[in-house]
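Have a look at the structure below before the remarks.
Chain nomenclature is as follows: A, B, C, D and E, assigned in order of appearance, with residue numbering initiated at 1 for each chain independently.
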C-alpha cells in the first residue's frame, strides 16, 4: 500500500505546488453555482486553467438529521429518511427498515421482500437515469438528455405515487414489511414500464455513449485508482468503475437478492466515462432483476402480523444495517437502550464519503473537468449534509 | 409552350417585384437624392427583414428546442389587446419589452465608456456584414468588387468588441472568458477564411453576385452545379459550417458563455437592453454567416431544379437560409460543449490542415475542368480521395485516446 | 475635398489623443480607431481591396496582438514614467522629433503629386490586382510569404519552449 | 469514422422532434391550469377530519380526542384540547370530542403517520394541492371547522380505501351490538337468577352486583394507550 | 470470518501490551465490538487492514456516541442469618454508583477482498470534559477523514494525528457540540400558532403575560416580533 496515497491530497499536491509558478487564482464555486447540484461549495485554486487545490465546503443544508432521529420514535424517523437522498426515497426507507429489523430481530414476509427488491431496483433506474441527465447537462448539452431522463423518471414516480401516495416522499416501508399492498393493476403497470425501459436506454445510449464530444470530454478525466477508492471508503458505481467487484447485493446477499440472476458491470479506467457507463449497464441489469422479481412475486401478507406499529421498543443493543443504494452503501447504525426513541441514530451517507476523493480526482484538471467530475460522483446535498 | 411562357412571365414579374416597387416609390425624386433614398429604402427593408428574422429566430429556437425535448416551448404570450394565444407568436415582442424595461446595471468599477461601446460596436460590425450578401437576382445592397474580403473584414472586427466587453466589466470571470472568446474567434477565423478561398478560386471573382452566377446551370439536366455538390465544395462547406458555429459562439463551441463554468462569460456584467444587444448581434452574426455559406456553397439564390425557376430567387435564398439556421438550432439541442484546449486543438490540428488540403483539391478540380467521358470518374475519384484520406488520417490522430469501450462483468 | 480633410482630421485627432491618455487600453483602442481612419482613406481613394485588407489585417488581427501585449505586460499602473527627468533628455527628444518631421516633410513636398488628378480614377478590379501580384510582383509576394512563415515558425518554437515546462508541470498522472 | 456518433445523436433528436407531434409518449407536458393532472387514488396531501355526515360536521366527528396522533406526529404539528363534556357518537355512546383540533399545515409534511396510528379512522389524507395562502400563520393553521369533511367526500377521493374503512367500522359496530345483546341477555339471565334466589335467602347478592355493573358498562371504550409514543 | 474473540486473542498475541475487551451487543443483531486502548489503536488498525486472513481494507462507518454520566443503582440481595435462629431474611442493599460518562467512537470495518465483516472497533475518551482525545485512524483508512471531522464537529472528540481536523458541517465560528446529550440549542424561538409540548415552555418564556398560556389557535398575530 503506497503510503503517499493515504495522506489527503497525497504526494501529488506537493509536487503540483513546487512545479507551478505564476500567481494562483482562487475561485469559489458555489454554493449558488449553477452546476453544483444544490448548495455545495468548492474553493478551487487555479494556476491558469489547471486546478492546484480544491477544498469542498459542506454544511449549507445541514439539518442535524441524526439529532432529530434521537428525539422522535423509530416510526417517526421513517418519513425523515425520505429527505436524506431525496432522489431515492425507497432505498433510504429500506436501509432504515433493514437496520431496525436487525436491531429488533423482526422477521419480514416473502411478499414484502420481493416488493422491496422491485422498489429498490426501480429507484436505481430512476437515480441512474437522473445522474446521466445531470452529467450531460454539466458537459454542456442544453437540456436534451436531462429532459429525456426526466420524462422516464416521471413514469417511475407515477408508480411510486399510486403505491405510496407521494412521488418522492414515499414513507412506504415499515419494520416487518411494507405499508400498502401493491394491487395487481400496479404490478401490471410496473411490468409495462420495465418492458419498454430497455428501448429508452437504447435511444439514450445512441444519443450519448458514442458521441465523440462526450467521449473526448469524459474519457481520461478524473481518474480514480482502485487502491485509493477502497481505502477512501468509496462505494457503489464509483468503486465498481475503478474495477473493484464490490456489490452488497452480492456480498451481503440481503433480502431475496440471491434468488435473482444478475451481473455486476465493472469499469477499467475509473474515469468519468466509466462511471457513466457502469451506471448505464447497471440499469440494464436492474431491468433483468425487475423482470425476474415481477415474475416471482408471491402472495401472502405484505406486513408481518405480529409487527407492532406503535409502542415499538426494541431491546437494548445496537445494529448496523446497510444496503446497496443507487449512490453506494447506505447504512443505518442504531443504538437502542430499550426506550421508544433510539439512543443513537447514525446514517452512513454514501455521497458524503465518496466526496473524500474529489480533490484527488480534480488535481491537474481544468475547471470544466472539475464540474464534470463532481457530476459523476453523483451527490445529493440532502444526504451529504444530513 | 404556354406553360414555359407562363413560367417565364410570372417568374420575371415576381422576380423584379421588389425592385419595381422601390423604383415606384422613389421614381419622382431628382437623381442624387434618388440614389440616397434608394439605398435608405434598401437598408430599411434589410433591417426590417433581418430584425423580424432575429425576433422569430429566438422564438423558433426555443420552440424547436422544446419540441426536441418533448415539451411545447413558449406558447402562453397572448397578442396584446385581443389576448388571442396561438403558438406563442407574440413571445419575441414580450422578450423585447422585457429586455428594454429590465434595469441596466453597470458595475461601478466598470469602464463606463467601453462598457457602453462594446455591444454597440459588436452590433454595428455584424450589421455591416449583412450589407454585401446577394439576397436575390436583383437584391444586392452593396456591389463591391472585393465583397468577400469586406465580409470577413467586418467579421474580424467583432473580436475587438468582445475584448472591450470582457475588459470593461472589470470582473475576474468576464476577463477570463473574454480571453477564451478571443482565442476561440482567432483560431477559427483561419479555417473560415481558408474554406472560402476554393469557392472564390473556382468562381474566379471576389464579388458575391459573380460567385452565385458561377453556380448557375444544371449538369445532366437536374443536378444543380452548386459548389456543395463537388468533393472540395462539400468539404469546404463542412469546414465553413463548423467554423461558422465557432465564430458565432454556438453550440459545441459556446465556451465563452459556458454556464457550468464561468457563469455568463463576458456577458456577466451586462443586463437589460445591452444584454439583448449582445444576443441580437450573435443572431445577426449567425444569419450573416449562414447567408455567406448559402451564397458560397449552396448556390445563393439559384433554384435547385430548372422547372422551379419561376419561383422568385429571393424565396430560394430564404429557404436555404432558414434550413441552415434550423441546423444551427438542431446542433445546439444535441451536442455538449468542447473543452477549451480540445476546441483550439480541433481548429489548429484538424480544420486548418483539412482546409489547406482542400485548396489543393480545388486547384486539381479547376485544372481538370476540361476532362470528359471516363476521365470524369477519374477526376471525381481523385478529388474524393484527396478529401477523404486526410479526413480519416487526421480524424484518427485527433481521437487517438478516445474510443467506445467494452466492459467486463463480475457475476 | 471636404471628406478628405474630415478623414485626415479624425485620424490625426485619434492618434494624438491616443498618445495623451494615461489608460493604456483606451489609448490602444484609439490607436485602432486611427487605423480605421487610414482604411477610410483607401476607401475614399476608391481602392476597396486595400481598404478591406487594411481593416481585416489591422483592425482584426494586429489590434489583438497590441491588446494582448498591453494586457500581458501590465505590471502596475505607476511604473510608466511620464515626466522628463532631465533637461538634456528633453532637448534630445525635440531634436530627433524635428529631424524625422523634416525628412517626412521633404519627401511629401518633392513627390510628383501635382494637382489632384481630377481625371477618372484607374478602375482597378481585383482580377487585375491578382494578375499584377502574380505577374511582375510575384517575387515580392513570395518573399513576404516566406518571411511570414518564418515568423510563424519562430513563434511556434518559442511557444513550444513554454510547452516543455508545461509538460513537466502536468503532474506525473495522479494515482 | 469520426463524427458517426454525432450523426447518430442528431438522428435521435430528430426522431424526438418529429415524434413530439404525433407520438403521445414523446409529448408529456400537461398544460396545468387548463388541464388538471389525473391524481392516482392513493395520492395524499394534508390530513382532514372525517365526520359522519355533512349536515352537522361538528356533531358527528369521529375523533374522540385520544391525542395518539398528536404524540406520534414526527414534526408535532397537531394540537388537540379535549372537551369538558361528552356527546353521543355514531353508536350513540357519549364520547369526548376535541374542543380544539388544529393542524399547522406549514409544519405538516403529509407523512400520513397520523392516519396510520388513529384507532378510530377519524383522520384521513386529503387530495387538495392548491392551497396557496397570503399570510404565514393564520391561513396555514387549519382549525377543527376547516378540517372537518364528510364521509361522502372521503368516498369521493379514496373510494376503495373508504369502502374498506366503512366495512370494518360496520363490522365493529355489529360485533359491539352482539356483545351488548349478549351482555344484556347475560344480565337478564343474572337478574332472573337473582330474582329466583331472592325468594330464597340472599346472602350472595352483594358480590354479584359488584361484577354486573362492569358488564352493564357495555363494551369498554378502547383505553387511550397511556405510554407516550413520542417522548418530546 | 473469525469470531470477535478469536480476533482479540490473535491481537493479544501480536500486541502483548494492548488492553483489549470485547464489548458484547445484547441485541439480536449480535454484532460485538472490540474496545481498543489508545496506545496500540493505530498499530492494531494497520494490522487488521494488512493481515492476509482478515484484510479489512474498507472502513465504511465512523460514528460518535455520547454516553453521559449514569447513576447505576445496584440492588444486591444478600441473606442475613436471623440472630434469633428464625429463617434467614433477604436484605436488599442498594448501592448507588456513578458510572463516569465518555465519548465513544465506533469504526465498522469490512473486507472488500474477502467480502466479510463487520468487525467493530470502539475507542473511548477519558471523560466528557477535558480528556476528549482519541488517536485518529485516517492514516490507516482515508475513509475516516471526513467522518472523523464530523465526529469532532458534532461531538467534540479531538482526533490525534488527523491531517486536517476542522469543523465540517457547522460553520467555523460555532462553539458548542450539537449531538451531545446535554446540548442546549440556542433560543431562536419563532412564534408558533399552536405551541405544545417542549415548544410550549419556550412560548411561555417569550410571551409571558398577556397571551394566554396557549394562545387560542385563531389568536391574533403576536404583539411584538418574538
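The criterion applied here is as follows: a residue touches a chain if its C-beta (ideal position, glycine included) is under 8 Å from a C-beta of that chain, and two chains touch if they have at least 3 such contacts.
Please read all numbers here as calculations on a predicted model, not as lab measurements.
Colleague: Pick out whichever of the two, A-E or B-C, is joined by more C-beta pairs in contact.
Modeller: Per the contact counts, A-E leads.
Colleague: Per-chain Cα mean versus the mean over all protein Cα atoms: which chain has them closest together?
Modeller: Of the chains present, the most centrally placed is A.
Colleague: Centre to centre, using CA atoms, which chain is the farthest one from subunit A?
Modeller: C
Colleague: Determine the centre-to-centre distance between subunit A and subunit B, using the mean Cα coordinates as centres, and give it in whole Å.
Modeller: Distance between chain centres, rounded to whole Å: 45 Å.
Colleague: How many angstrom lie between the CA centroids of subunit B and subunit D, rounded to a whole number?
Modeller: Centres of subunit B and subunit D (C-alpha means) sit 66 Å apart.
Colleague: So the centre of each chain is just the mean of its C-alpha atoms; given that, what is the distance between subunit D and subunit E in Å?
Modeller: Measuring from centre to centre gives 39 Å for this pair.
Colleague: Could you please state the distance in Å, as a whole number, between where the Cα atoms of subunit A are centred and where those of subunit D are centred?
Modeller: Measuring from centre to centre gives 35 Å for this pair.
Colleague: Which residues belonging to subunit A are in contact with no fewer than two other chains?
Modeller: If we look for residues of subunit A contacting two or more partner chains, we find 5, 144, 148, 151, 207, 209-213, 215, 228.
Colleague: Among the residues of subunit C, which are close enough to touch at least two other chains?
Modeller: Where subunit C is concerned, no single residue meets two or more other chains.
Colleague: Check each residue of subunit E and list the ones that touch at least two other chains.
Modeller: In subunit E, no residue touches at least two other chains, as defined above.
Colleague: Across the complex, what residues on subunit A touch subunit B?
Modeller: 25, 27, 34-35, 49, 136-144, 147-148, 151, 207, 209-217, 219-220, 245, 247, 250, 263-269, 273-274, 277-278, 281, 366-369, 371
Colleague: Can you list the residues on subunit B that touch subunit C in the complex?
Modeller: 111, 113-114, 144-146, 149-150, 152-154, 156-157, 159-160, 163-164, 167, 182, 186, 189, 204-207
Colleague: List the residues on subunit E that touch subunit D in their complex, please.
Modeller: Its residues touching subunit D are 191-194, 196-199, 214, 216-218, 221.
Colleague: In the complex of these two chains, what residues of subunit A are touching subunit E?
Modeller: Checking each residue of subunit A against subunit E gives 1, 5-8, 58-59, 62, 64, 66-67, 102-105, 228, 230-235, 239, 244, 246, 251, 314-322, 329, 331, 333, 335-336, 343-344, 346, 348, 352-353, 355-357, 385-386.
Colleague: Touching subunit A in the complex: which residues of subunit E?
Modeller: Touch residues, subunit E against subunit A: 25-29, 31, 49-50, 57-61, 63, 65-66, 106, 108, 112, 115, 118, 120, 138-147, 154, 163-164, 167-171, 178-179, 183.
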